[in-house]
């Protein structure tokens, strides 16, 4: 199991992801600096959360023009798995590897608290298969721009294809996302972007261990 | 700017506009043997300012206890350091950004956070947590909402972006802060004991390095720039608000920590207040050497900055370092990788002077010892005033039902949950956060990777505190209580208190009663720190928090740090069902609860004058040791200290999250309602006597046994149940859901 | 020679913009009752050197599509301002 | 009658603007070498109804000072666009 964690200037969840994956997979992930252009093959590339380039202009916009992006796109076109969490999700939408856009929370506040997300019935994907649809995972969110937007036509497509990976509970949508979306998959199910932080519910001192379940399942699915 | 102006001799008038007094100016002229030019005078004025020289408080800060077996670094460096074993140490400090936050709440608070973080990582530590203590005016004041939302956004704006969790603090409201809000930010970092960096420069000939963001005209001393002689182009020189850039802050943090892994750095210091001036002067004078800087090498954001402006700019995200000779190239590569400016700007010299060159001319030549050691130390007149009012409980209590009183207290903005605030901070980044908000009385982060096999690891516990009412009514006793309460907060969370940092926020020290508040509270803090063995390792003083002659409430804030040697010993606040609650600790209030200076008095009498509760520090320490012993024997299931609001509100806080109920076992003498007993009941339920803790246990017998052998007073309150009703037999019954609603909705209703 | 180009970036009409909504609401709460419509947009002024007007426009468009604008939610307009 | 007012809000020159710095740097890294200067600003279009031009200007200024602009770090300009 070879995992790469991409580090941009301003990434700040890189170490958290590293610890989570290392503890679950017992393998040491590799940090990749955003200026690298020639990267080896990995089973999974993770784009961690943070404030890449200070989130100036738009979240993820400046990062999505970094040299590493071309390698990430090549990896994607080979069907490689990619996980973008929080700012990583924003970068994936800015690079168009995932549909939609993350705009400012409708409450106009940064929000950090635990929340339940519900695993959806999706197309085949290493990120969700292995979970019974409607399984609830309790994980923290921490973002200012997590309000997922797609237009109606694209939304219908996402629903039809089974690309919606996670939803917030109906009355607990923290940010105004359409359809309470918390995470979406690419058309081939190999790329996931999600706002919640599963790497913050992995260890016994965390409020929940559901993030551990998420990574465990992902690693099993990728290895099988 | 006209060059001849900046090099011309400074007049008395100009010196006074820079904030120097006539005597100070004369002293300067005498000591340096010449009349300083404008740049030199600017540097002297900055070094002699209250902010840099602590001239009003220095004399009194010296009485604080600053050493102990576990103290690695006391006050005097960028931050204090304490030993936590396993070759690791905790670096921490608190700092105020009060005035800037009133002018621009967002930027003021953000740069406050950025500044305190640099103080911590400049010593080689990776910051692991942030705390903040906030004071605002009345909630009904139109400005309060604007200031509060701006400050909270600013704190989050910096902390969230740089990726350090903000895990706790305090927010209080009082009209005395209407025009002088307080924003005190505290940072806590972790360092390996053998990788600590200090600021004393060393090694003649070694290069002086500037790294980080470029220098602009930010925050240059306002009074000075108003002087028309400085330039014809006055508009562009108006003092400006400092703008923080957490992104550059993050890059600087990572670049510095990366460079610190090598052995290329000899000393390092961040550029904080008075920028390049205080950092260069302090580094050189601490190292007993001189420093020479070529101002043409400083990375500038704007063209044509004068030597005066460059030296006094407070642009953010900058550091000054002394490297080993020949290390420049390797160090530069690291900063280049992080896209940061790196410039060799000068060298260390033998002569103990600060020499500045610009365009090949010497623009400043000042003796260092004079700037640092002979900066004024004032012996201001003071009068420690304690309240001469002594009220009886019957003068305070109101004819209202217990329920009505309780709901008022829980729904009071100074008691209600601050969740609306702290949910705007990223509290879980870095993955080590264990307790925030009301999970326990202290905020807790795990020491990263401290677990091994079955051992779950160690943690740091932090608490911030200040009860201004007590300080106002009795500065010495109030000072003691503030420290005692901070320590109690750590102990009831399973921690061992180790040391404190403090932020002394007061009004104008030229008034003797304000100076008395300062002196008195320092005396109280000193005594408590000695008794509780928690030395002061760092701190900050913010004076002149006054508008139109009206001062803020005295606000000496304590930030206490402790260690939890096994995270399985952490105690949370929430009781579970079928646990027995006990009051543990000196229980004078069994007979006459102390209602003077209380939240009860503040809310219902619109006043809080009177005496303050007494704290017996010996008993306090015994109580802590007792709690630690109970905890080691696994007798405590949850615990909470009894502070603001007294017993009943504190019981409610323990029951809230599981929505429990309880049948309160009243002291026998007040079991039957009558007029006199009502008086005692109010005192018992809402009095704020010190040194008391509520614990819940499944093992009452063991607890009673221990308390007897240790001679500690305990009192059984009753057993938790699932009714969601708190029953005060024959008097009243209280609905926990109603409490929860008031507790959670008060702040959002005020500020959303 | 310097050519100034201005780029206006505004939110697509069909995308609900939380910021605009908040500003509108606040203004209305403050008693500004005559506001009929309000649009928040971004404005970028770029000064190019050593390029002719046509190339300036071309490069501006390139920059917009590549990085300055997110066309899912934003539209943009480019105009040449002045030369000196 | 509707009167459109535009408000341009731009960062003060002497105050650090981290956003502009970051965008400039990225563009330069991407190879846009001819950019001499770049200024990001905000643009607000307000349509007033039932007010004369003078009052529109007056209200706009009031709104700017009160809420739209942080005058510590930003300057602004107001202009009347058109009427119909």
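Order of writing sets the labels: A, B, C and D. Residues in every chain begin at 1.
In the analysis below, contacts are C-beta pairs under 8 Å (C-beta built on N, C-alpha and C of every residue); 3 or more make two chains touch, one makes a residue touch a chain.
Quantities reported herein were computed from a predicted structural model and do not represent experimental measurements.
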Pair joined by more contacting C-beta pairs (A-D or B-D): B-D
Centroid distance [mean C-alpha coordinates] between chain D and chain B, Å: 38
Interchain centroid distance [CA atoms averaged], chain B/chain C, Å: 42
Computed distance of Cα centres, chain D from chain C, in Å: 10
Overlap residues in chain B, where contacts from two or more other chains coincide: 245, 247-248, 339
In chain A, residues with contacts to at least two other chains: 53-54, 56-57, 62, 65
Residues within chain D bordering two or more other chains: 18, 22-23, 26, 30, 40
Topology of the chain contact graph, where touching chains are joined (line, ring, star, complete, other): other
Footprint of chain B on chain A - complex, ascending: 9-10, 12-13, 15-16, 19-20, 49-51, 53-56, 109-113, 140, 142, 144, 197, 199-200, 202-206
Contacting residues of chain D [partner chain A, same complex]: 18-19, 22-23, 26, 30, 40
Chain B to chain D touching residues, read off their complex: 103-104, 106-107, 213, 216-218, 236, 238, 240-241, 243, 245, 247-248, 301-302, 315-316, 339
In the complex, chain C residues that touch chain A: 14-19, 22, 66-68, 70, 72-73
Partner chain C, residues of chain D touching it in the complex: 2, 8, 23, 26-27, 30, 32, 34-51, 56, 59, 63, 66-68
